[in-house]
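Two complexes follow with subunit A in common, the first pairing it with subunit B and the second with subunit C.
Our next item is the complex of A and B:
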């Protein structure tokens, strides 16, 4: 394959990575924005979503689409409820103190991960995609006869991957409507701006926190349900999404939602493109250091505003 | 007896007890105890920064690993004599701490934790990237010549135990002394109220950096000691769990106490040792302990003791 089609293939893979990443990072960003909580266990909620998808899909059986749709409905809700429960049980009692919250969520990370290891086991388990038709994509060429389209061998994408991109975009629009147009969004934004005043105006801040924590985890789980048919479910799969989501949230500016979306696209696309052309380890080293530098020299993120 | 006297009796007593235990314990447990002492050095290094200065780093594995690889690689590849390699390893860790600390200390709070975490992640990936020399996850064995000093073989049970005991003792007493010095008191002042310390005229950023470098150097020394005594160097010591462990030990034992790190490592080590006999998911115990500690005993064991019965505990 020549460079042009190769680049297009990399960009398509990058778009799929971005789609999953944007959901995961959104969850992290909302939790940080509203609650000021850095949730280190976020990657494990992602992993739980994937593992639950496998459980649901194998329990239901039959046509792959049946299990997939069921998992799409069940897994995020279940993970969200679990997260809300953990918030009630642990985070609420330590009063969301920043240092202790980080330590507690590190503890939650190991509890979730190791419990999964004990029940689900150490194997990676695949989930069949609900539909998976391969579409060949055309590429153009300026030849001697002028502009011509051709179908290079290997340049293709599956319908399922296109579905992932579309689904992520739909969820994102839904989230935007929820946050800006509904009363729930209003309550969340009020809590974010000043939780004490919100409480004085009758907003049940404690319950809002639990819902937000659940919503954040649910978004991560949703991303995982979408990714499982491409990647397999494994008990250690939460590490990479956590790191990437952190990077996205930092680059986008902690707590800034539009920034998060743009950063997710940027990071996902470059991850897809870089890993096609360069050594993945070197790319990761450079990316990690760059992000740390962003946090050191531009703590408000690339798109965030300076705190007044 | 004065608080000062009691404190020296305690430190001396702990060291005497550890010395005597070698002759009492069966080989398996004395082996474990030498490992515990080495890891307690690491925990004490972490404690300087977290317990006394109030800075939570989530990336200390990079210093532990810097010491470990600084020692192992120079012995194996450059053929440095053991003491030179050991000092070199500490210098490498201190230099890394100077750079990482200089950058990370420009941030505070949550950002500081994430920046240190990312530096450590980058360091881990660097170890994997240079797999040709470091042999990545698989690791390598430190050459036998590098594990001798003045004719004493440090790979025997006794050599290992007493070398660990000496190094642990030096750090243990030095730390107890350090916190009584004006420098240590200034670190505690920064932990309690940085604004006020700065208002009183202390250059807090300089002291924080000094604490960071000291902490990194001690952690690096622990890493080098681990490589020296157990003869194995591997990438898993640079990975995220080894940044979380010292936090766990120090929290369990009691942050900001001299004896806390040893107690924390001891309990955690045996807790994991016992539970790994039943399940391979032994990190579950670590998670549970972390959550329970933050919920019910944020002071840790020694911290609770200090609060209730022994107010003089250093």
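Our next item is the complex of A and C:
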């Protein structure tokens, strides 16, 4: 395949990675932004979403679309409720102290991971995509006879991957509407800025924190539901998304949602393109190097604010 | 309307209030006076539930609110303008006002009422609160608290850092609130403001109320100001 079509193929793969990454990182960023909690267990909520998708899909059976739609509705809500419960049970009791929440979420990571291993087993489990038609994509060329379209062999994408990109974009728009146009979003933003003053205006800060922690975990689980038909559900699958989400959130600026979107696109696209042309390991090395450079030259991230 | 009886409170192991009492009725302005560190701000924060009260009691409209959850206290009708205004700087003026309106589910008529009180805010509705001038920020902080339609308003140094014209405007609003039947607890350093606004004063030393008197008495015996405030 020529370079142009090859690059387009790599960019489409990158767009799929970005789509999953933006949902996962957005969850991490919202939790940090509002609660100032670094949630080390975030990747395990992603993994739980994937495992629940497999469980729901196999339990329901029938056409793959049935199980997938059910998982899309059930898994993020269940994971969100579990996270909100964990917030009440653990994080609230340690008063959201930044140091202790890191240790507590590390504990949550191992509890979720090992409980999943004991119940779900060590095997990787596939979930069939609800639809998976392969679409050939055109390429263009300027030849002696002017502009011409042709269909290079191998330049294609599945309808499911296009759905993943569209679904992530839709969720992002929904999230933006929630945060900027609704009362719930206003309460979340006010709590993020000054929780004590928010309380003086009737905001039940503890309950807002539980909802936000649940929302963050639910977004990670939603990303996992979308990715499982492409990858497989496995009890150790939370590590990579956690690392990439941290990379994205640090590059974008801790707590900055626009920064998170930009960084997710940057990291996802570079991961896709470098993985296709070189190797996935090199893609991770470059992403980590980028984080190091951001921490040295712009510690607040691309769109983060300098601490006053 | 608001009665604070022998409360003890502080920041963790640091005990600031060690037996403070005061009360305020409708259409009355009570001023808490004392040197820096006496416990004036701590008193307001404790009433609002932002600091734990370890002894004593706070009653509001006859109901005890001493250990009520902090987010429920403003819903009872206690408005609070903290020191330094504490606006939501990255929310717009309209969103800050909306936060006030949501507290006790007030509607458009309350919004129109506060914007009539502070017409300049109407011109700044889409502006971020953090970009307002100091005076406009104080107007917004006052407007936001008034959006609760509170029965009692707690104001912590509302004229701090303001230019004289703005101070006069804030004073007018406070007097208007008093005339409309609000009970006001004021923490203020400016003696001229205290003498112009307050009906009663309570002097605080080391977290205790040491003397309660009227402003008329204070005007006739200014030595008290020297004794308790060093002015």
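Keep this in mind: the second predicted complex is superposed on the first by the 301 of 308 C-alpha atoms of A that agree within 3 Å, B and C clash if a C-alpha of one lies under 4 Å from a C-alpha of the other, contacts with A are read in each partner's own complex, and residues count from 1 in each chain.
Keep in mind that, in the parts below, contacts are C-beta pairs under 8 Å (C-beta built on N, C-alpha and C of every residue); 3 or more make two chains touch, one makes a residue touch a chain.
Because the structure is a prediction, the values reported are computed rather than measured.
With subunit A as the common reference for superposition, the partners subunit B and subunit C occupy compatible, non-clashing space. Using the contact criterion defined above for the overlaid structures, shared-chain residue A:186 touches subunit C, although it does not reach subunit B.
In the superposition on chain A, A:69 makes contact with neither subunit B nor subunit C. Of the two partner chains, neither subunit B nor subunit C is touched by A:137. After superposition on the shared chain, subunit A has more residues touched by B, the comparison being subunit B against subunit C. By the touch criterion stated above, A:77 is placed in contact with neither subunit B nor subunit C. Shared-chain residue A:204: touches subunit C; no touch with subunit B. In the superposition on chain A, A:108 makes contact with subunit B only, not with subunit C. Here's the short version: in the overlay, subunit B gets within 17 Å of subunit C at its closest Cα pair.
Subunit A uses no single residue to touch subunit B in one structure and subunit C in the other.
The touching residues of subunit B, counted against subunit A in their complex, run 56, 58, 103-104, 106-107, 109-111, 113-115, 118-119, 121-122, 125-126, 128-129, 240, 244, 247, 251, 279-284, 286-291, 293-295, 298. By the touch criterion stated above, subunit A contacts subunit C in their complex at residues 183, 186-187, 189-190, 193-194, 196-205. Listed in rising order, the residues of subunit C touching subunit A in the complex are 48-50, 69-72, 74-75, 80, 82, 86, 88-91, 95, 98-100, 102-104, 144, 148.
Considering their complex, residues 38, 90, 93-94, 98-100, 102-104, 106-115, 117-118, 239, 243, 246, 250, 279, 281-282, 284-285, 288-289, 291-293, 295-297, 299 of subunit A touch subunit B.
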